[in-house]
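Chain nomenclature is as follows: A, B, C and D, assigned in order of appearance, with residue numbering initiated at 1 for each chain independently.
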Amino acid sequence: MHKKHIEDFIVLLNEKLNEDTFLLLLKHPHKLPEINAGQFAEVLVEDSPLTFLRRPLSIHDVDYKNNTLSLLIKKLGKGTKKLSELKPDNFLNLIFPLGNSFTLLNNEKVLLTGGGCGIAPLLYLSRKLNEKGCDVHILLAAKTASDIVRLKTYENYGKLYFTTEDNSLGEKGLIIQHSLFKNLSVFKKIYTCGPERMMQAVARLAANNEIPCEVSLENTMACGIGACLCCVTETKTGNKCVCVDGPVFNTKDLKW
Amino acid sequence: MHKKHIEDFIVLLNEKLNEDTFLLLLKHPHKLPEINAGQFAEVLVEDSPLTFLRRPLSIHDVDYKNNTLSLLIKKLGKGTKKLSELKPDNFLNLIFPLGNSFTLLNNEKVLLTGGGCGIAPLLYLSRKLNEKGCDVHILLAAKTASDIVRLKTYENYGKLYFTTEDNSLGEKGLIIQHSLFKNLSVFKKIYTCGPERMMQAVARLAANNEIPCEVSLENTMACGIGACLCCVTETKTGNKCVCVDGPVFNTKDLKW
Amino acid sequence: MVDLNVNIGHLKLQNPVMTASGTFGYGLEFDDFIDVNLLGGIIVKGTTLEPREGNAYPRMAETPMGMLNAVGLQNKGIDHFITDIYPKIQKYTTQLIVNVSGSNIEDYLTVVEKLNELDRIPAIELNISCPNVKSGGMAFGTSCSSAAEITKAVRSTYKKTLIVKLSPNVTNITEIAKTVEAEGADAVSLINTLLGMAVSIKTRKPLLSTVTGGLSGPCVKPIALRMVWQVFNAVKIPIIGLGGIMNANDALEFILCGATAIQVGTANFIDPRISIKIIEGIKEYLQSNKINSISEFRGSLILK
Amino acid sequence: MVDLNVNIGHLKLQNPVMTASGTFGYGLEFDDFIDVNLLGGIIVKGTTLEPREGNAYPRMAETPMGMLNAVGLQNKGIDHFITDIYPKIQKYTTQLIVNVSGSNIEDYLTVVEKLNELDRIPAIELNISCPNVKSGGMAFGTSCSSAAEITKAVRSTYKKTLIVKLSPNVTNITEIAKTVEAEGADAVSLINTLLGMAVSIKTRKPLLSTVTGGLSGPCVKPIALRMVWQVFNAVKIPIIGLGGIMNANDALEFILCGATAIQVGTANFIDPRISIKIIEGIKEYLQSNKINSISEFRGSLILK
C-alpha cells in the first residue's frame, strides 16, 4: 500500500459542469505521490458549522506532470455544497490516497460502466487501462443527457456508450438494458460504480456471464483510514472496512 | 423604545484600520429605522463552526441619507475574526437597534472618553451631541498612537485629546492622568466606554466632582432582546439586563 | 390543507410548535419579530413563589454548537406574575403555559394553586429539572421517588393540564417518565438542559459564576431525540420534545420519534422568527409528502 | 524545559496525551502520519474474549459538532490480539493499554488474565460503559453495585495498572467513581460516549442500524469537563479525561479541571496528526505561562 499523506492542496479551478456537478482541480504543493485508480481522498470541509467529519471523494484524475488531481463532485448536502463554493487559490485539505484500487488488466477488452457521480473514479481508471493497452468501452447511464458530464475527456481513453431514461442520448432505458449487455462475454472484466441498485444489477449480469466484476462501494465513513470501523460492508468472509479493504470489491466476495 | 428589526445588510466596505481593528459599512436594503446613540446590534456570524451565538456590536455611526450604518470592530476571537473577512456584497444579518441609549444634552459642555474598541459608540454619540449644540470634548486613550483609529472623523464633531502609555500621541499615561481630569467640573456630563477598570476610574472621578456619568457596559449575551436573562449586571435596584436596561447605565445606579 | 392540531391533556394546540421556558421571555420580547398568536403555545419563564435574583454574572458561555446558562430562575415571583405580567399577556390568543419551579413541595403547591385560578392559563409545566439552583430544581427530577412525590402533590390540587418537565441528567429517563405518568401527569416535556461546564485556560477560571450550568442547543439534539424515543416507547401520555431544535427538520425528527408537540428554545436567540418558520416548514413537509395530519406522522419511525 | 511526565498507578507516561480506544485502531493506522512513540500512550480497540462482528451497517451518523457510532465492539477476540496484533505493536516504545470489554464477568476475567501475561501491556482500561452492545457493556457502568462487582473481580486477578472507563449516562458519576476507587481501581477514565440517536425525515428511518448509538466529539465536551471536575472533587485516584478534545486548549481545560492525563478520540478522524499537535500545544502553553510542570497546572481551577 502507498503511504498516506495529509496535505493542503491549492484550488486551481472549480468548474461547474451542470446544475449540481462540479470539478475541482487541485494542485499539490510538492511532488504528488503515486495514486492508483479507484483510490479516494478524505476532504476537510472548513467553515461549515454542520459538517464535522471529512467527506470521502474519489480521485477522478491525476496529472503527475503538473502535480494536480481532480475531484468530480455532485452537490448532495451541506459539505458538497460548501465545496462547490471554493474559489481558485483557496486551500483544501486532503488525506490521500486512501483505499485499495481497481485491478488492472493488460491488452484486454474491458467494460467500465456507471451512473451518477459514481462515474468519478472511472476516468482515471479508463486512462490507466488505456495505457496498459486495453480496449476500453465505457457505458455511462443517466436520467437525461445533461446529467452526463466530461464526455469529451472520457472519449480520449475509450469508446463511449450511453443510456438515458428519457432517450436524450444513446439508448433509451436503464444501464443493463443497453445492447452491450446482450453480448457481455466479449469483455474480460467489468468495472462498475454508481447507485448500489445499479451496481447490483450489473454484477448479476456479469456473474451470469462468468465475467469478473469489480465495484466501487460508497459508505458513510468517519476516519477513512481503518481506525474507526464505521464503514463496514458484509462480505462472505465477514465485515470488511470499505475504506481500507475497499472501496473496490470483487463482487464475488460480496453478499449480493 | 424603537421597534426592533432583523435584516440582512449588504456589506459596502470592510476597511482595515490597524492590525486588529476594522470598520464595516453596511447598507440596509430599505429605509433605515431610527437608531439612538449607544444602541447596538446582534450580529450573526455565518460559516463559523464554533460561533453559535450572535455577537453584540455597538452601532458606530448611522447615515440615514444612504441607509447605512457602520460597526467598528476589534478582532478578539473567532467571531470577530470571521467578520473581518467579510467582502463587499456579502450579507450580514443584524438584529437591531437594541438596548437603551445615552441621554443627550442641549448646548452643554460634555466629555466623551474611552479606550480600545470601547470607543465604537462614541462617534455616533459625538455627532448627536454636536447636532444638539453641545461643546463636545473627546478624550481617547490607548497604549500607543496606532491603536487610535478614525481620528479624522471624530474631529468633525468635537475637540480631540489623547493619552498614550508610550507617549506617542497626546499626553503620556492612563486616561485619568490626562490634564482634563484636573478640571472636570467644567463638564456637565461625562460619557465613557472601554475596559471596565478604565470606566470605573473615570466614574469615580466624575462622582468625586459630582458630575453625572454614563457608561456603556459590555457583557456576554445570548439573545440581546431581554428574553434569556443571561446578561445581568448588579445595580442598586437588583440585577438588570445589559441588553435592554442597558447597555448605557448612569454610574450612580451601579454597584461600583 | 394539513391538520396541525394536537392535544396535550385537555389542552388543544393549533399546531405542535411551542416556545421553551426561559428562552422566550413572556412572549412580549418577540412581538417586534413575529405574530406570537401563530404559535401552538408559549411556555413562560420559570416562576417561583418568592422573587429570585438568580445567579451572579457571568451566566452564559458559548460551547461547540450550544451554550451553557446559569440564570438560576431569576423571576419576580408568582404574585408579580399575576399582577403585572398576566394582564399584559392576556392579549395573546395562543395557549399560555406557566413553567413552575420551587425549592420545596410547599412552594410548588402555593404557586400552582394561584395559577389554578387564572382563566387564561390552561396548563402548567412543572420544572423538576433545573440544574441551576442549589436546592430543589433538578433534585426533584433525578429520582423516581421525589418525582413521584411532587407530581402526586401537584396533581391533587391542580385540575387543568399538568405537564412535567424531565431532566436528562439521569441514568434511566423512562423510569422517571413512567413514574410521573402513574402519578397523573397529563404529559411530559423533555429535555431540560444537561449539566455541563466550561473554563478558560487564559484566566484559569470557570466561565460561569456557578461553575456548572445547563447545556442547550444543537449539541444536545442527539441525546434529546434518543430520550424522546425511549419515553415514547414507555408511556402512553403525550410527549413534548425539545433540545436543540433549530429548524423544521429538527422539529420533524422529534415528532417522528414520537413527540406530540415540540418546543423551540435556544434557537430563538439565533433567529427570533424561527418558531414561525418551523410551523411553515412542518406544513410544507407534510404537504409535499402527502401526509394529512401531524398525528399521522407522529412516531412513524420505520424500524426495518 | 517543562516537565510533562505523569503517573497513572504504576504507569509512567512521558506526557499526558493518549489516544482513545476505538478511534486509533492499534496505532499502526497512524504510522503514516505521526511518530506514535511521541504519545504518552495508546489505548487499543475494545477487546473481547470471542471475536465479534459488531453491529450491522450503518454504524455512523454525523451530528452537530459530533458523531454517533454503533460499531459494537467489532474485534477479532483476545487470542487473535495476542497472536497477531501484539507482535506488531511491540515495535512501539510508548505505553500500550488494552481496552477490555465483555458481556459477563467471566469473559472479562479470562481476557484480563491473558493480558496479565503480556510484558508490554502495563495497564488495561476496563470498558464498563459501551452503549453499543446488547448485554454487558454500559450495563456494568450504570449502577454502583455492578461497577463494584466487576472492578473487584478484575482487581483480584489483575496486578498491573487498572483503569476503569466510566459511562456518562448516569445520574451521579461521582458515586460510580467512588465505588470503583474503593474496589481498587488505580484510575478512572471518563467519559465514554453518551447515548444518542439520529433519524432521517427523508427515509423516516434511524441513521444507525441499532437505532441508538454513542455520541462523541466537541458537542459532548461541556458534559465531559463537568464530570471530570465532579469526579476530581470526589476521588483521590488519577483521572484520565476525554470527550470532545480537538486541540491543546481543550486538553488543557480537562487538566485544569483535574485530569492527570487526557485521551484524544474522534479528533483523530479529522486530523490524524492532532494528538502530536496537542502535545506541542500543551508544552507551549506551559512554557509561555511559566508553569514548570503539568502536575503544577493540574486541577488549578480558580474558584473565586
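Operating definition for what follows: contacts are C-beta pairs under 8 Å (C-beta built on N, C-alpha and C of every residue); 3 or more make two chains touch, one makes a residue touch a chain.
From a predicted model like this one, the values you see are computed outputs, not experimental measurements.
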Legend entry - Third chains touching both chain D and chain B: A, C
Inset, instruction - Name the chain whose C-alpha centroid is farthest from the C-alpha centroid of chain D. - result: B
Inset, instruction - Sort the chain pairs by how many C-beta pairs are in contact and tell me the top one. - result: C-D
Legend entry - Intercentroid distance (Cα basis), chain B paired with chain A, Å: 55
Legend entry - Whole-Å gap separating chain C and chain D, where each centre is the average of the chain's CA atoms: 34
Inset, instruction - Take the average of all CA coordinates in chain B, do the same for chain C, and state the distance between these two points in whole angstrom. - result: 36
Inset, instruction - With chain centres taken as the means of their Cα atoms, state the distance from chain A to chain C in Å. - result: 47
Inset, instruction - Can you tell me which residues of chain A touch two or more of the remaining chains? - result: 49-50, 52
Legend entry - chain C, residues touching no fewer than two other chains: 63-66, 217-218
Inset, instruction - Within their complex, state which residues of chain A touch chain D. - result: 3-6, 44, 49-54, 95, 219-234, 238-239
Inset, instruction - Within their complex, state which residues of chain A touch chain B. - result: 47-49, 52
Legend entry - Residue ranges of chain C in contact with chain D within the complex: 63-66, 68, 142-143, 169-172, 194-199, 201, 203-206, 211-212, 215, 217-223, 225-226, 229, 244, 249, 252-253, 256-257, 285, 300-304
Legend entry - Contacting residues of chain D [partner chain A, same complex]: 22-25, 29-30, 32-33, 45, 53-54, 56-67, 69, 71, 74, 217-218, 266, 268-273
